[in-house]
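Presented sequentially are two complexes of chain A, the first with chain B as partner and the second with chain C.
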Partner chain A sequence: MKKSVRAAGRPRQLAMALAVSAALAGAPTFADETSCSPFTPLIKGQEDLVYVWTLGVKGVGDGSDKLVTVDVNPASKTYGKILHKLSLGGRGEVHHVGLSDDRRYLWGGALDSNKIYIFDIGTNPAKPKLVKTITDFVQKTGFVGPHSFIAMPGRMLITPLSNNKDHGGETGIAVYNNKGDYVSHQAMPKGESASWSGKGDGYNYDVGINPQKNVFLTSSFTGWNNYMMDLGKMVKDGEAMKRFGNTSVMWDMKTMKPLKVFSTPGAPLEVRWSWKPGDNWAVTTAALTSKIWVYKQDAKGEWQAHEVGTIGNPADIPLPVDISITNDGKGMWINTFMDGHTRYWDFSDPMKPKEVYKKKIGSQVNMVSQSYDGKRVYFTSSLLGNWDKKGKDDEQYLKIYDWDGKELKEKLSIDFYKEKLGRAHHMKFQARDLSTLKPLETAQSLPAVVARKQ
Partner chain B sequence: MRSRPFILLLLGLLALPACERPAPVDTPLNLAVPLGLPPLPVPPENPLTQARIDLGRTLFMDRRLSHNNTLSCAMCHVPEQGFTSNELGTAIGLEGQSIRRNSPTIYNVAYVEQLFHDGREFSLENQAWGPLLAGNEMANPSIGYVVEKIKALPEYAGRFEQAFGGRGPDVQTIGQALAAYQRTLVSANSRFDRWRYGKDADALAAEERTGFRLFAGKAGCSACHSVDERHALFSDNRFHNTGIGFANSMGLPKKHRVQLAPGVFVEVEDKALASFEPPQPDVGRYEVTLDPADSWAYRTPSLRNVALTAPYMHDGSLATLEEVIEFYDRGGIDNPQKSPLLRPLGLAPEEKRALAAFLKSLTGDNVEKRVAEARAAQPGEMPPEKDPASAYRRSY
Partner chain C sequence: MLSLPLSFRTARLLTGGGFFFLWGLGVLDAAWAGPPVPRMDFVPPPAGTYKLERIQRATDGAVLDAAGKRRRLAEFTQGKVTLLAFMYSSCADPTGCPYAFTVMHQVKNELEKLPQTRGRVRFVSLSFDPERDTPQVLALYGRDHGGTEQHVAWDFLTTRSRRELLPILDGFGQDVGVDVDRATGKAIGTYSHVLKVFLIDGRRNVREIYTTDYLLPAMVLNDIKTLLMEAGVPLK
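Right after this comes the complex of A and B.
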């Protein structure tokens, strides 16, 4: 890759510390654009493109995983069209993608093959190009299932889900540089230690960064054995159901040391921070127990986790999955996979959030991403290849809705099976014109914003 | 605790003087069999040599032996989990495909006469190819594909030739190497063995001794889990219908107690899971013999190391030894082909506790060593640069 990166070659920890320290100085607060890293330039106006990380399905088209690019700018002549399909030539349980610190590269992981793909989305955003495939992730780390990709300055923080010893949930956290070279890895906290408070279970899932507080928060899911298994089979398997993460971990961002392990039972998944100026809280939802957890500092400055709400009827296992927080931290979309609903929660008081709206999106729904201004909400259907429903309930789609604060109105729907694509999973937005993007060189430009006219 | 002598068994064709230097890696080995086990059966055409054992261990631990390089034998037979999987009732294979049955432990698998839960294979050498080729397990497309892939992996360069007198990887040598390693996974000299066969009266506590008396007496366990005068396999190597397979196949309505988090459970009915994969049919031993009398019969597993090999039964449906004892105390599940050996036992609570205590005394004393040996294998992770099918060119 040509556009590489600044700290490569320096001693690892020092390089990370220096880069993060520089980034922290005077960093302004910016709003969340779905789930981006705060180090990634944001698209504040109309997004032009959405990339959909799509799982190949045997018997559907070429059966391979794909990066699908869709034109989503209503002003475009090709609005709603699939502009590009980049087939990866195999199935590896692709899952999440993450943007590099300059938004010119998209990293995508595969939970089964453990490959990590790096796409150039800067040269021609409408036509991503695969520029590197990382194949040494397991060899270097011993971890399996690279899941979340969150940009740090010059680095990509990667949270895996499993390991190559037993395919269980004990795993770690890894760092690669922007060239796609391995930098470091470490195990998740397990048990008790003088180095952290609380009791770790060694599991991991998502990661969210708060540079202002010099912390990042990780959550926990389950290992390969479970995420690759048919969901119905797993629910009936008493041993399998004992193997879910029940913790989340607050880390020191500079040193990458765990500070505190929280007991948040039942697989806390996506991590989001409120980026509203003055806010210093994060939120997760637990997939199995259907609880909402808010992480906030107490009067003494210590991080505490608070159970603040219940989504649906936990006895029905609605399975809350992806979430998307508004840029002012006052609202959050929560998808419940089993009943195919999205739910809007009022987070005006994050300690007392309440559900104020609910709509069925499909027979199943997983990912949700909202535009920066919250006016457009995107949904996709696939959770995991073998967790998705079977038969007629296995709808696979990208749907875009307009949101006026009261009602979701469907604007666009693409049937991913009809288009011979596969299972539609994670989404990331992109702008066609990245000329206003500034690389992360100084604190003043962190994070740069694509300020475009509405 | 005082040490006990091992029973030494001459396994190979050559007896080496004690003062001689370590035998060449291709010389048949004398393998010490732990107290409590009978002589190790070794087929004459595949003598145990260090080279074959080491090679087989590496193959066993190598994830690249699956089609997409994600599953080794050891991912379902996890060394630290009793060479089974404690984390799954029934296994999953390539790309998460469902497998109907629990991964059996391979401790002491050398003594199993008919392999797999249904006894469809008869030698470890042949059995090795079952999972390698099964479409829902390691899912390799063909024998030749596996052979060519191993040939292309630099970690195996010269190792087959060293172990098999110049012969490279092929359908026979791959099976023989895997069999040689698995045959060495003997584990015994448990506290029970030291008590019964080592004449150490203090090796078992009183409750454990009571448990053994029940095991061999009132509870009738030893009718299938055999214990002989000089050794014990804890299996008759035969097939029995306990009713668990019958109940699964007949689709008796079920509510599932589902754990959402530690201490948090809900009940889920089958119909709530109708959008997902239905249970796969499984008629057990009948699928091999086509004899209706064998319907829902499964091989008697050994009970050695049973404390390490949860969950239990052919479908992993019972989580603890206590649940297993309760199941047999009820006499299994009635069905037309149920084993006549199963009947309600009327065990008192203290008798059940004693049985469980006894079963937990059957853990061999070499478990940590076996785990360490397995993890020392350190196979590579990088697949061949070219797919074996793309790289293949006929050489004759």
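Right after this comes the complex of A and C.
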């Protein structure tokens, strides 16, 4: 048995330090943390910790947004316990988080304050430390609402939701380096151009990278005016309901130029690529139309978007939100916020997926993350501060289920209001020992990559 | 071209074997086939048709060259387009240092076919392992690859101590773990790291960073040519 003494690049203001971690045997299995960047090393054994990016609620605890660390390793003496709460000292509509390319840092964004927080999760994973707060995002880019954070080598690709001119949905993409310094930004494609095919609407939401194809795919949502509005008020506002994105965009990753804009109406949200070696498709679900879209290359190599399924009854507006795909690409969890259900879809044939299982998780459910082996499925409740349900339906939780391929069985539930934490939103897993992390396997990877030690 | 006698000298210098031993067997010459390069499932955009952003500044620091002379790393990361990789001579991970060397050799071979690139590109291999990768060891590398007379200069550098190395790693954002025996707490001679190769322009700006899945010879070659064209080198 060996252990590893790691040194890593840190944000500039930090002094170099060494951290010691003991290597644990992590037997590789076959599934994945498929919402991670393909450049981020993965936890292929039992995840030790889950970080929950939590919205502060006035009158609940200190009322501030916070990063909550929970022990989720059943072998741990503190399993199910909240190990750490890192309060940000205010509320800014925190939303999503993303891991750096070496998994030593966690970036978290706030859709209203436009702050981006960088936490050191490598030195002591059970006790994250805030090491930098980026406050120049609007000033540098003109964009508002930093949403998704997906690592590219040495830098972070950031998708914002809005802009500082009219707070509508037209926005762009931005890049910051791993030190937290601005690198570049550009507008989303709008209208038609000789530079890309299709007609852009300028909206953005999530991003998924496929380095083997040198592409990334972005989706679309809505601007600050809508996502900060009360949901009940917004759905009665006909003009507001027109201001949702209806496109997704395939980009050249090297040139950072749009290749093609797809018409995918009704706010296509989370982007996932199938990581099964040899697969060549991505998927999104559209919140307002309940449609599932699959993106793949045709015989000529051109990317095409295909509507392949409908989630629930669109007339009921089930509002599909987060998704989690198995790493063999054969199954996907889809949460529907309004009815509080999670649905397992069989993607054995991605062009003809079908729902095969459904379970109510709570009065509302938003995010879903599955463990690397697919046997544990994590759920949280909050969508947006002003969109969550009211009264007794405003349940706020982290729930962990075991999945045996047939049924979800609840294993752990933490009431985020009872614990005086707030609204539980995005999750990311972490290992206590980073030397156990493994790279993504792909069809293009070397055979030896499977056994590579990171 | 490396020779077998060199390989025997090299092997004797090292106890770890690994990459250096493979090199000594003559497998890292221009004709070396493996570790295989991953299949590139796309056509890379032509050189000069895209912009490489300035991601960060290339960190400076104190280094030792293969002659054991104290130098500044900045001397090796300006004035030319530089491809810099961290490595250690006993690395046996086929997707780590040896893979980076495979790619660098392939890129070097292609650059040597382009007369306009002569003297304008430099490769730098900087060791993670100041204790074992002494200037004496690195001199063996330099004998076959270094020197300003080469079409592509290839400098092999180390540092005087881990203390001098760490700020350089920190600045570049290169993580590394020193594997140690749990029972004794002693280093076992291997390092864990996410492979990163840095492309640096003539003004010490890092313009691209490659990890294993994106370190493809055709892509790196086009990126180098893009930076050369940006600097006014006629390559079209």
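Worth pointing out:
As a working rule, the second predicted complex is superposed on the first by the 402 of 454 C-alpha atoms of A that agree within 3 Å, B and C clash if a C-alpha of one lies under 4 Å from a C-alpha of the other, contacts with A are read in each partner's own complex, and residues count from 1 in each chain.
The definition used in the following text is that contacts are C-beta pairs under 8 Å (C-beta built on N, C-alpha and C of every residue); 3 or more make two chains touch, one makes a residue touch a chain.
The structure displayed is predicted, hence computed values, not measured ones.
Once chain A of one complex is fitted onto chain A of the other, the partner contacts of A:130 are absent, as it touches neither chain B nor chain C.
Look at A:187: by the touch rule set out above, it reaches neither chain B nor chain C.
In the superposition on chain A, A:244 contacts chain B only, with no contact to chain C. Of the two partner chains placed around the shared chain by superposition, neither chain B nor chain C is touched by A:412.
Contacts of A:82 after superposition: neither chain B nor chain C is touched. Taken together, the two complexes place no residue of chain A in contact with both chain B and chain C.
Of all residues in chain B, those touching chain A in their complex are 63, 68-70, 75, 78, 80-81, 85-90, 92, 95-96, 98, 256-262, 264, 266-268, 272-273, 275-279, 310-311, 316-317, 319, 375, 380-382. In the complex of the two chains, the chain C residues touching chain A come out as 35-36, 38-42, 44-45, 49-51, 53-56, 93-96, 99, 166-167, 169-183, 188, 192-194, 196, 198, 206, 209-214, 219. Touching chain B in their complex are the following residues of chain A: 90-93, 112-114, 135-136, 138-139, 144, 164-168, 223-225, 227-233, 235-244, 246, 265-266, 286, 288-289, 314-317, 363, 385-386, 389-391, 393.
For chain A in complex with chain C, the residues that touch the partner chain are 1-10, 16, 22-23, 38-39, 41, 101-102, 104, 122, 153-155, 175, 177-179, 181, 183-184, 211-215, 252, 254-257, 434-435, 439-440, 442-446, 448-449, 452-454.
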